[in-house]
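As structure tokens, the structure follows; a few thoughts come after it.
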Amino acid sequence: MKFDDAAAAIVAAGQRMDAMGWVPATAGNISVRESSGRIAITRSGCHKGQLTPAEVMRVDGDGASLEPGARPSYETLLHCGIYRRFPDAGAVVHGHSVANTVLSRRAGDEIRLSGYELLKAFPGGPTHETETAVPVLDNDQDIPRLQRMLDALWDRTPDAPPGYLIRGHGVYVWGKDMGHAVARLEALEFMLLCHLEEGRNAR
Amino acid sequence: MKFDDAAAAIVAAGQRMDAMGWVPATAGNISVRESSGRIAITRSGCHKGQLTPAEVMRVDGDGASLEPGARPSYETLLHCGIYRRFPDAGAVVHGHSVANTVLSRRAGDEIRLSGYELLKAFPGGPTHETETAVPVLDNDQDIPRLQRMLDALWDRTPDAPPGYLIRGHGVYVWGKDMGHAVARLEALEFMLLCHLEEGRNAR
Amino acid sequence: MKFDDAAAAIVAAGQRMDAMGWVPATAGNISVRESSGRIAITRSGCHKGQLTPAEVMRVDGDGASLEPGARPSYETLLHCGIYRRFPDAGAVVHGHSVANTVLSRRAGDEIRLSGYELLKAFPGGPTHETETAVPVLDNDQDIPRLQRMLDALWDRTPDAPPGYLIRGHGVYVWGKDMGHAVARLEALEFMLLCHLEEGRNAR
Amino acid sequence: MKFDDAAAAIVAAGQRMDAMGWVPATAGNISVRESSGRIAITRSGCHKGQLTPAEVMRVDGDGASLEPGARPSYETLLHCGIYRRFPDAGAVVHGHSVANTVLSRRAGDEIRLSGYELLKAFPGGPTHETETAVPVLDNDQDIPRLQRMLDALWDRTPDAPPGYLIRGHGVYVWGKDMGHAVARLEALEFMLLCHLEEGRNAR
């Protein structure tokens, strides 16, 4: 994966996420790990539905800008934290949906999903008879501290799913490439919508 | 109906189902019975909103791949089961919506729909004064066993509607051609959305 | 307004209504009164999101087909009933939304809407401080009988708004031309969505 | 910013707002302050999803038409009131969503939003740990009187956010340019959707 391809994949993912309503205002950010190990990621403050390749920049594995004067997305360190921990991760997407926002504000430290065929989009074997506990972390403007919480969480639960929620602040999901990352995001958001609906009072 | 036409109809149906939000991630599958009796069906693992004709393959009436090395969609045998039982079926669509997922998880062995003008999209005469009981089956990763359950159901209820739900795993609907199959899917999903709304507590 | 222009307006309205989710399956129908007094209307059984001008046909003021062998939409007589009663009506749209279906099934013989700025899209003066009572009629497959119910209703309430609901069977709205008819439909559907939301239990 | 650019920005914002469902019928209006101090604003009665540059006109800072015979949008004086009070405001958007309509009808004189990451789209520092109180005013067809209410409100609360709701009549939001105004609108509408969902009874 070279930069031009990475930027094209990021632009396409941004358009898709915008069409789904998951990147309101300038929310969300999207990245791809290039074969060189460098990370292509959306710049700070741009609208993901109107991305251009020029709004994608490069950082190194620690999140330092490789483009003089260019500021990467505010949460770049969370992307780096995922790539550092998970060698197979090739793309990371972060978005805000109504479902993930409302459920994360209401949840404790995880949201349990079970019985959905779409759980097959997550690791754990080809069956719906599993349960996935998606971690929910408190929001924190101190991103390095938030990343330390995540590293501690992953130390404790090595089989955590390839995604997590930040309270009131959206979801992070990753996969081996952008196609897999976006498919997992779609599967997770779909299950969260179902979970939200099931939480409403019903006759 | 030849393969090229079948593939084009499948691609168009995939785009429509994606626009409606019914094929998240790589969920869903779509098929057409060609005049030769062979079945054109989506390959396993592709996104239905971005289908290309190259992602449509052929199987025989028993679901065996007619393309060496190509793997058909995981649930091909359910498509074959419909074509075997219903000689008039020319196209089958399978999708996951929030409504069909939540309602099927909440339901017993059927969902009863009555009083909707859109019931006219289903067999039973030109009136809304009918009631349709859409079967709901438990999900099962053993597809041949699931198909045996369906065959037993159709033996017991020969006037079952041209569709069924699998719990937590979407809906199957069919028609004489893709236009009719998709129209029936749209009618059913619309009525399920209404049914879901009516199940919410209201003043 | 000539036939070609009428057909183009009908096709555009069908695409808009489909994008809003108001014409699932082959539901809905759309017409324009030409300056000759003839009515251009969608044929029976076509999908309104994929309309072509060839799927628009002509009937006379009594709903009789002016094209040998062509069958107009099943509910053509309801369009004719509107044009006969309201000389200023130039276009009629009929669609099924989840909101109008669920609310009409739950309602008595009217739905009262008040306090919405969008009420200004309906006759009654430039203020939101009015109340509109949208009639709701029982569904009936006997269309002439349904039209007689409407005529009796309009005799009793000469200031009825330019629209009505049929229980479980959508809404009819009209205006002096297609732009006004569709704008009124959008205003009404928006207020019905708000009304539906307000009927849900809330903290 | 010259008129052609202003008109293009207004047309694009109209298409976006229409795609989000925030400008049903002919609701909503959109303006840009040109560098000359004149205001480019949508004409009265046009559909914001189908805007053309010809439907954008100019008024002076007091809302008087600069085009003989052309009538500006009914609520032009509210746009002027924003530009007069806030020298940094370069664009104003007004739309009706289901969320802002229902919540404003239910609210007292403000809606309090807290804990959302998207609050960062509003002034107040780079943190989610703030609370924003969005003012809600009673609807009034006497626009100068409504503007006097707003001026009194802004006198009392100089740190009011760059937006307000009118009961049953939508939201006004502004920013230094159209990109910022629309981004703030998207952020606010997203948080209102979450707020609406959280107000529904839940298990």
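When the chains are written out, they are named A, B, C and D in that same order, and each has its own residue count from 1.
Here is the rule we use: a contact is a pair of C-beta atoms (placed from the backbone, for glycine too) under 8 Å apart; a residue touches a chain by one contact, two chains touch by 3 or more.
Fair warning: this is a prediction, and the values are worked out from it, not measured in the lab.
Asker: Can you name the chains that touch chain B as well as chain C?
Answerer: Where chain B and chain C might share a partner, there is none at all.
Asker: On C-alpha atoms only, rotate chain A onto chain B and read off the angle in steps of 5 degrees.
Answerer: Answer in degrees: 90, to the nearest 5.
Asker: Please indicate which chain is farthest from chain C, where distance is taken between mean Cα coordinates of the chains.
Answerer: Max centre-to-centre separation from chain C belongs to A.
Asker: Over half shared or under half: which fits the residue numbers at the contact of copies chain A and chain D, same or different?
Answerer: Comparing the two copies, chain A and chain D contact each other through largely different residue numbers, since under half are shared.
Asker: How many angstrom lie between the centres of chain C and chain D, each centre taken as the mean Cα position?
Answerer: Comparing mean C-alpha positions, chain D is 31 Å from chain C.
Asker: Centroid from C-alpha atoms only, then distance chain B to chain D, rounded to Å. What do you get?
Answerer: 44
Asker: Can you tell me which residues of chain B touch two or more of the remaining chains?
Answerer: As it turns out, chain B has residues touching two or more other chains at 200-201.
Asker: Touching pairs of chains, which are they?
Answerer: Inter-chain contacts occur between A-B, A-D, B-C, C-D.
Asker: Spell out the part of chain C that touches chain B in their complex, as residue ranges.
Answerer: Those residues of chain C that touch chain B are 24-27, 47, 96, 98, 101-102, 105-106, 139, 141, 166-170, 196, 199-201.
Asker: Would you mind writing out the residues of chain A in touch with chain B in their complex?
Answerer: Its residues touching chain B are 115-118, 121, 126-129, 179, 183-184, 186-187, 189-190, 193-194, 197-198, 200-203.
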